[in-house]
Amino acid sequence: MGLPGSSRLFMPPDVNAAREFFRSKSRRMTGKLTTAREAVARMVHDGDYLAVGGFGTNRIPTALLHEVVRQGRKRLGLSGHTATHDCQILAAGDCFDRCDVAYVVGLEARGLSRNARRIFEEGRVAVTEWSNAALAWRYRAAAMGVPFLPARVMLGTDTARRSAAREITCPFTGIRLVALPALFPDVALIHVHRADVYGNCQIDGILVSDLDVARAARRVIVSAERIIAGDEIRREPARTVIPYFCVDAVVEVPYGGYPGNTAYEYFSDEDHLRAWLKAEEDPAAFAEFVRSYIFETPDFPAYLERCGGLRRLQELRWMEHFPGRGEGLA
Amino acid sequence: MTSESRSYNAMELMICLAARYLEDGSTVVVGTGAPCAAAMLAQRTTAPNLMVLFEAGGMGPLLPSMPISVGDSRTFFKGLAAATMPEIMEACQRGMVDYTFLGGAQVDMYGNLNSTCIGDWEKPRVRMPGSGGANDLASLCWRTMMIAPQDPRRFVAKLDFMTTPGYLTGPGAREAAGLPPGTGPYKVITQLAVFGFHPGTLRMQVENMHPGVTREMVMGATGFEPGWSQEVTQSRPPEPSELEILRKEVDPLRYIIGRS
Amino acid sequence: MGLPGSSRLFMPPDVNAAREFFRSKSRRMTGKLTTAREAVARMVHDGDYLAVGGFGTNRIPTALLHEVVRQGRKRLGLSGHTATHDCQILAAGDCFDRCDVAYVVGLEARGLSRNARRIFEEGRVAVTEWSNAALAWRYRAAAMGVPFLPARVMLGTDTARRSAAREITCPFTGIRLVALPALFPDVALIHVHRADVYGNCQIDGILVSDLDVARAARRVIVSAERIIAGDEIRREPARTVIPYFCVDAVVEVPYGGYPGNTAYEYFSDEDHLRAWLKAEEDPAAFAEFVRSYIFETPDFPAYLERCGGLRRLQELRWMEHFPGRGEGLA
Amino acid sequence: MTSESRSYNAMELMICLAARYLEDGSTVVVGTGAPCAAAMLAQRTTAPNLMVLFEAGGMGPLLPSMPISVGDSRTFFKGLAAATMPEIMEACQRGMVDYTFLGGAQVDMYGNLNSTCIGDWEKPRVRMPGSGGANDLASLCWRTMMIAPQDPRRFVAKLDFMTTPGYLTGPGAREAAGLPPGTGPYKVITQLAVFGFHPGTLRMQVENMHPGVTREMVMGATGFEPGWSQEVTQSRPPEPSELEILRKEVDPLRYIIGRS
């Protein structure tokens, strides 16, 4: 059926090497609070393979992504697990040259990103195809510490043929299954609602694949809407979805998922997202847009100011908390 | 324009038709847009016990308005659960999900879909998003539905890339590939007609045509030879009550159904 | 290395048959409130394969287990995933004749159950060996809808040789892995903190394997400390760990995990557990014990009365809420 | 009795010795009893940054007293997380867990353990609980430790059943079986001695003997031929400060250390 898929396996599922790495990873509960600039400078290197938490425009680590662009990271690998605005940002910085694609270059119902498309269409990115569930299970395999997981997706399609999956036969039932290789990213960037200074994290609402991403990645940088005391974590241990020993750096960034939606905090800023898509229609205008919104903006609060500041953010809070009515406010 | 077509537009018609196919007491994974509107309409008409799921983790929300993203907070607003993507995909893989709705830039006569690229994959003329969850949902849910505008560039004889499985190359192909038995495309709803799939050949065939639509119009909009079911009937137009709910409750801001 | 394991695979991992069953399972959000007696009468049949939630003496569905014994169910299969007091209860009723063993016949630090041991030692139970993680992953495989999961446990031991696991080679790395077959129990009995009448469930504290058990089982009976309104479920959807469509019956049983510990509610009654173990030293005394505590006790409230009633339960609440100090009260 | 033995009992000695092997800033999965006491003592002495996990899902509790079950609510009392059994086992499988403590009715010279049965498995004289999580933890954690009373019926030449892997049949055997490289038994602590494993043969060997213990006593309590490391030293007895913490903070009700 055309498997093994013919594309490149960017990150081989070497569980023994991962074990050796995780053996060396600190388990000390030390303070990891830092700035987005410092965290990205120290932990994201040219050539690294990157995974991004959330879901495209929802609970994405925008502040960290801007920093990756601002610091000019190049030749990154990208896991395109519903990568929408996150992919768009990294494409704006021309940061990546290889991509495991499940969903890229689009912003769901909002349309396609011309700039991101261009990068793919010009052949500047090596692509391996997957599906969303396939990437989700690849993260899970890594989080479980096994080199692959079996699944019943992709079979029979060009998606599989252009993937790096293999096919196996179930030793019990004899049925055909796709084998999805574990994906251990070099770095994960994840935005959460609350974290303590050690990196114990709480997330409200859907978790998408972030539990697995945080466990699969070698290094994890977390941005949090707010830092809370360690006592708060211990008050409700069942709410800790990422334990501190997965996390390498913690950054406090209120509104850190803007212009995306962070559940129970603020809705997405559709005007700003539209402005991005519009700016991309003309490469010169877009270069200016990126210069102005990212390169010449020193940090995330300055970006928020440029986008309307607290007044706009307050509107987005209303839209989040009073949906239906909220739309009328915009 | 016939008199019927003045009272509702093509999108409204497609949504109303799609909604009626969703059995009461079933489960459906939807995306944004028309499929979500169809599910919301079904919940308010013939399928009050329809359970709606979103691939990013939302389950059973009381949707306050149309989600913009399948992962935004509307998808679990006052929901029954706010879970994970694996949770939803695994419910599908376990056999718990009856329907899904998909779209694509190209569809062929076996209901296979392309949402990856136009032109050669190695050097695409147009790069599109890729599978997203489409391949997964079409592989795992029992019945796959499409709501799609129909024209010959979209309904093609040969896909540039098969992102998502329909019936692949025909009878037995899904099973041979290892896809779960008993799954596959169910209905394709366009602005002209509703297609089903011939039980023997698994090829797409017209089941009913919308008011005012002729066989010639359907053939002219289809890049492959469409089949015709034994008895092609006329699509039942939207009831006034369906339109009222669709316009007032489901999509009052007319994001999906438009201003026409 | 001696694999495939030589023991019987009691529940074959037929994912296609499971899919057909799950297709037929109701997705309607109808009221499922019933009594323990009625739920067990309707949904647990002689010969069924049973999985039990919680962890041996922690958040176990005691009321449901007593009912299984009281109604005289026989020839059950049992998943021995840290089955301690639960195994002891079912052994008291001579309810099962086959068992996937990870942990049975013991009550952890409290000692071994003589009666449960006797049943195994007399050869009245067909045994297949596993480990706790192996059974946990077997549930997870079923919950995922795949026929097996790979893992790195059991390899090289008699546990594997006496299991029904198989060995596979990773198609990517070439390393040896154990293949653990999905386990789809006929019935799961699970005790939770809160459920609505439809079966949407909340659990406080550790979840052990209950998420997967609830999804893997064909039928699920839930006992809940308390029934809450559906609105309460919708107020915090992220707390729903078992969605209603997994659940077939809901029973309200305050203190339903007694004499085990239900976190944040009541600690285990070590005196009563000791009395069980003591009674088992003499078969005649034990028959009388079981007659008096289960067969002649009409329902769970009556059992709680026999065990000291509200006064004792209040003590156990104190032990739970003021540990350290609490022990001094006992 | 020597003068030292009057100031602490064998259990106290074993717990104090075990605690010292737990490196600061490491992770350990423990059960109830002596291992948990050793971890708690280590946290209060040489390893304040020791992270304690329990196989049922508890992570990093501020243990208010000894747990009775590895799944009871003490195991996540004011914990850092209250998770699931897969979560803990997968952290081990991923390589995140440094130590575990196990016990068993029988241990052989390669540190393999039996907790399944005495006699023939098909018709056991004594049926014991089985693996529980022992096989998993010994397969996946980096270093496996044991605290065990030593006698010839427990330290045997041949196990009745190999529940849990030590070094299996010797050098290379774990790797050949597919167990993760670099893992295996580390120390065995008894009332007489501390055993390590010879780096070449992987056989159990005495590293130090407790005050007042002779080689003859060790050999008399071992059902196989124990090895002797080049330099067998005397075990360092518990410090008064260790004993004080153990008795006053870790196990004030003397569940584990007893009344002696």
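Structure notes:
Going in written order, the chains are labelled A, B, C and D, and every chain counts its residues from 1.
Just so we're on the same page, a contact is a pair of C-beta atoms (placed from the backbone, for glycine too) under 8 Å apart; a residue touches a chain by one contact, two chains touch by 3 or more.
Predicted, not measured: the structure shown is a model, and the values here were computed from it.
The set of chains touching subunit B and also touching subunit C is given as A. Of the two chain pairs considered here, A-D and A-B, the higher C-beta contact count falls to A-B. Centres computed as Cα averages put subunit A at a distance of 37 Å from subunit C. Separating the CA-averaged centres of subunit A and subunit D is a span of 41 Å.
For this pair, subunit C with subunit D, the centres built from the Cα atoms lie 28 Å apart. Shown for subunit C are the residues that touch two or more other chains, namely 15-16, 145-146, 151-152, 175, 177, 205-207, 237-238.
Counting partner chains per residue, subunit B shows two or more touched chains at residues 76, 82-83, 86, 93, 140, 180.
If each chain is drawn as a node and touching chains are joined, the picture fits none of the line, ring, star or complete shapes.
Pairwise, the chains that touch each other are A-B, A-C, A-D, B-C, C-D. Contact residues on subunit D toward subunit C in their complex (touch as defined above): 31-33, 55-58, 64-65, 68-77, 82-86, 89, 93, 112, 116, 121, 123-136, 139-140, 161-165, 168, 173-174, 176-180, 253. By the touch rule above, subunit C contacts subunit A in their complex via residues 4, 9, 12-16, 145-152, 166, 168, 170-173, 175, 177, 179, 181, 204-207, 237-238.
Interface residues of subunit C, counted against subunit B in their complex, comprise 15-16, 18-23, 25-29, 142-146, 200, 215, 233-235, 237-238, 240, 243-245. Subunit D contributes residues 25-27, 49, 51, 59-62, 76, 78-83, 86, 90-96, 98, 140, 142, 180-182 to its touches with subunit A in the complex.
Residue ranges on subunit C touching subunit D, taken from their complex, read 1, 54-58, 80, 82, 84, 101-106, 108-110, 112, 117, 120-121, 123, 129-134, 136-137, 140, 151-159, 162, 167, 175-178, 205-209, 211-212, 261, 263-264, 267-268, 270, 320, 323-324, 327.
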